[in-house]
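The following pair of complexes shares a single chain, chain A, combined with chain B in the former and chain C in the latter.
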Partner chain A sequence: MMIQLNTKMENFMNGQTDETPIQIQVNHVNIYYGSNHAVKDVNMPIHRNSITALIGPSGCGKSTFIRSINRMNDLIPSARCEGEINYRDYNILNKKIDVVQLRKEIGMVFQQPNPFPKSISENIQLPLKFAGVHNKRLLNETTEDSLKQVALWDEVKDRLDHSATGLSGGQQQRLCIARALALKPSVLLLDEPTSALDPVSTSKIEEQLLELKKKYTIVIVTHNMQQAARIADYTAFFYQGELVEFGHTKDLFTHPVKKATADYISGRFG
Partner chain B sequence: MSHLIPLTAVYRLSDKWGVMMNTRKAMADSAANVPAGPSLLREKGIIKRFTDRYSESRGKAIIYSSAFLMIIAVVAITLFLTLQGLRSFVIDHLNIWNFLTGTEWYPDRASNPQFGAFPFIFGSVAVTLLAALLATPIAIGTAIFMAELANKWGQRIMQPVIEILVGIPSVVYGLIGLSVFVPLMRAHFGGSGFNLLAGALVVGIMILPTVASIAADSIRAVPDKLREASYAIGGTKWQTIWKVVIPAAGSSLMTAIVLGMSRAFGEALAVQMVIGNARNLPHSIFDPSATLTTIITLSMGNTTTGSVLNDALWSLGLILLAISYIFILIIRYLSRKRVV
Partner chain C sequence: MNSKITNRVALSLIVLCAVIMAGTLAALLGYILYQGLGSISWHFLTSESNPFLAGGGIKDQLWNSFYVLLITMLITIPIGVSGGIYLAEYAKPGKLTSFIRSCVEVLASLPSIVVGMFGMLIFVNYFGFHYSVLSGALALTVFNLPVIVRVTEDGFSALSLHQKEGGLALGLTHWHTIKTILLPAAFPSILTGVILSAGRVFGESAALLFTAGLSTPNLDFTNWNPAAPNSPLNIFRSAETLSVHIWAVNTSGIIPDIQTVANGSAAVLVICVLLFNLLARGLGKAINRKLSGKS
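Showing the complex of A and B:
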């Protein structure tokens, strides 16, 4: 069985033709959980204004890897990262890096929608308040702007003061994306953002991501190979902690170099 | 087995997939080859049916009756206290309004005895509120420390400390109040040193561990995904605790405080040892006063059943019960409002 590639062929072509500059360069990254070697010597570029998809079976280290890009692994006491993730002349994995500032520039959205149990507008404004912005006008403008970027504005503009937990799952996830965008980060990390959502919400978010990549660099972990094929410019295939193959999505899906990649994308395992 | 051969041909896999292949093969083998054993499914015989039902219903009876006993106890206490408490108004014809608002309590005066319980109601409420005011910031701080900051260490050291504090009998707290707070008050604020503030301090320390441990539990109950979300949008640890975790735990923190208050409200012994037990309405927190519980414990032994004073004390008990019910209603209301 070959995967269907006809859905968004034009995106493919776009990604293929214009190569954007490298935003993040990953060199020899190793991540351990205690004695468990979860990510093994990963090297890959992440290109600006493009979508890079990380695919692979469960437990292959792709989530661990994406969480290291904005140092969310710091929250796990047993996790240890080695190597270099170079972003704007800095090594993100350097212990001396200001992690709080890093996360303001590299935002993240998780698998489960996790809005705060506050109102919709407070959800968007909290990151700004964290950053010390208290100007009412700026807060309101950013709220509107962020919600428009994820096409949620029209759905919620009349109930910005309602609780965010009352939204549907898909709306909550788009709110979380909007929240991550409120600080105007340069990179957006998405860890399986649509795996808890229905197909309609999923396709809405995919559409938004294709819009958002014009302004942001997007890295997305996905279980769904069709999703990677539909939206990603570059795809990285992880297996058992190793980066097996990285390339343009089209190349990777049509002419995989490695046998393991071919087996995975044709659905023989995973 | 023959059908396995083309399957193997399809999976021309490198050594890496070998393990996976073997499990697949084993699964296929077991499905194909294991003969179906005789099923153990039977109809129950008459005797088995009877013994089953008997043992089932016996277990049920034990569980049901223990639950029922609890309900009976609550209803009985409420009924008994209501009946006894209303005696002073129905049989002894005390005016209920004068009883609740009167400020003079001279029950044993031969001519014109007065039953004004307001000083005690006020004393109870004042002690409770002051104790909550003193205990809440420290308790919440301890809870944050235990649940958010010193996670492992907090579990290992703070948890036993809190348990020991909960386990100390109230008379010990009273003794400490008597030997530490009362002399301190006397030295700094004059008077006898037995006063409302001393009572509130003692009770505040008593409820501290209760509030802290419930508050710590409610902070721990805040899902980690909210903390993760907060860190991911560039929140610092303090911002995360203050702006995300505490508001999310909000109503359960209130529950912890109200539970502590209801404990403070019911405390008699320790308060009685330090509050001074004056029957007058206190004019400041440095005046001696009394609470509903202290006046009951002090006077009840000296009355005869059926006397007016005895009935009046039952009425005070009824007021205590009513206010405890109000606390419980507040807790129920707060926990119903909980969102996450």
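Showing the complex of A and C:
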């Protein structure tokens, strides 16, 4: 399918061009599944209080890469990560890092909305309770705050004790984002958060992300180039496991340096 | 032959098979209940069995069946569910794991009479538990354990990876994810497996012949001290269960009303299993609703 991307300037209204400090520095990251070299020598910064989009065709390693930032690849026995992802003076890929603590600071939302088969409030409070919050008032306040941050509060405030699996797909995904935010992370990783959702839910979530980047550092994997163009400050283009190009979204979409990038964003492949 | 006709033939065959199955079940149930309901009375349920004279009841046997089932489940569920969780969540794929898995399968397919003989040699003779509730329950554990391990493992594997990822990505430990998210989500399927296996345990006779014994001391239902030899709660007394009673009465009984007692006992057994299923199902739904919030 050919996607004609409108590269007029006003489409990049949301992208900023002034630099924010670097929150995460990725140096020479290589990821293997068994003998398959899935991510090849990736180097890039992730800036604080900004949205960084990872784009590229299916199987280009962008999901594998984002999953290594909070060590979700540990779940896959054959996966092996090398290199450095530096965050707060620590190398995230260090085997000795406390992954439980790491994942509290670097939250993640997945492609498929995955609310727990529990009540809406329990979905938010369960990880909080595990993190040591037991004060009832604080739990309720945090629940309300995080639901408000994703604009879900008004829709569910009268049925917080209802099962979360009864919500619509878009509501479920916003609940999953709220659930991650309740832990007050500093970084939020989103792995194609809107690809299973309808356009209305998608635009709601995009609006929320633009709001959320004021407080959080956001990394988002997306198949949808318009989405990257609409919300991201920085964009990284992955192709066949390599980071082909990284830059301000506006620059990357209007003046791509590499030919592969230009071909991809003009819809010539992928 | 065109595809429409093929479709119709396939559908008719499937319906036919379903009708045969449901019909057999209904006929069997109908026959047992028709034959047995007549001999069930309050007196039959609440009086002791009589080895020589007509008019004996099944009070002790009925109690024993439930009690042996309870003890078996108390032993099996914790071990079986833990084992299933280990296989589903912790065991690394490899030779040892597949060996454990085939052991579980072999254990599940052992003939129950063999389990009974094993129980007699090990629990009754070697450990010296004699013919007792405990020996019976341990023998039943041998063939119930693999079933529980299996249903637990299947219940966990059927859950999508998304739930586990969701838990871990929120900074929960693996164990906490299992305890608070995966186990409750797998609970309905584990419960169904437990109910089915409970029905099997409740109706088991061969494994109990040489382990729980063919007799029951005169139980005193006012004495609830588990150490007393005639207490219903004593696990070291012999305990003839309902299905063993049916077998014993039919094969070597000398009472004049063999037919009445056997039919009545069979009907009670079937009704108990049915009630048990319905009750547990209702309970499962209620617990599931409590865990997952209102729908």
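What to note about this one:
Throughout what follows, the second predicted complex is superposed on the first by the 253 of 270 C-alpha atoms of A that agree within 3 Å, B and C clash if a C-alpha of one lies under 4 Å from a C-alpha of the other, contacts with A are read in each partner's own complex, and residues count from 1 in each chain.
Here, a residue touches a chain if its C-beta (ideal position, glycine included) is under 8 Å from a C-beta of that chain, and two chains touch if they have at least 3 such contacts.
If you're wondering where the values come from, they're calculated on a predicted model, not measured in any experiment.
After superposition on chain A, the partners chain B and chain C are seen to clash.
By the touch criterion stated above, A:P193 is placed in contact with neither chain B nor chain C. Contacts of A:A260 after superposition: chain B is touched, whereas chain C is not reached. Of the two partner chains placed by superposition, A:G241 touches none, neither chain B nor chain C.
By the touch criterion defined above, A:A164 reaches chain C but does not reach chain B.
After overlaying the two complexes on the shared chain, residue contacts for A:R268 are found with chain B alone; chain C is out of touch.
In the overlay built on the shared chain, the residue A:R179 is in contact with chain B and with chain C. Chain A uses residues 70, 72, 75, 100-101, 103-104, 107-110, 112, 114-118, 126-127, 130-131, 163, 165, 176, 179-180, 183 to touch chain B in one structure and chain C in the other.
Per the touch definition, chain A reaches chain C in the complex via residues 70, 72, 75, 77, 100-101, 103-104, 107-110, 112, 114-120, 122, 126-127, 130-131, 159, 161-166, 176, 179-180, 183.
By the touch criterion given at the top, residues 92-93, 160-173, 176, 180-181, 184-185, 291-295 of chain C touch chain A in their complex. Per the touch definition, chain B reaches chain A in the complex via residues 11, 13-14, 16-17, 20, 223, 225-236, 239, 243-244, 247-248, 339-340. Chain A contributes residues 70, 72, 75, 100-101, 103-104, 107-110, 112, 114-118, 126-127, 129-131, 163, 165, 176, 179-180, 182-183, 259-260, 263, 268-269 to its touches with chain B in the complex.
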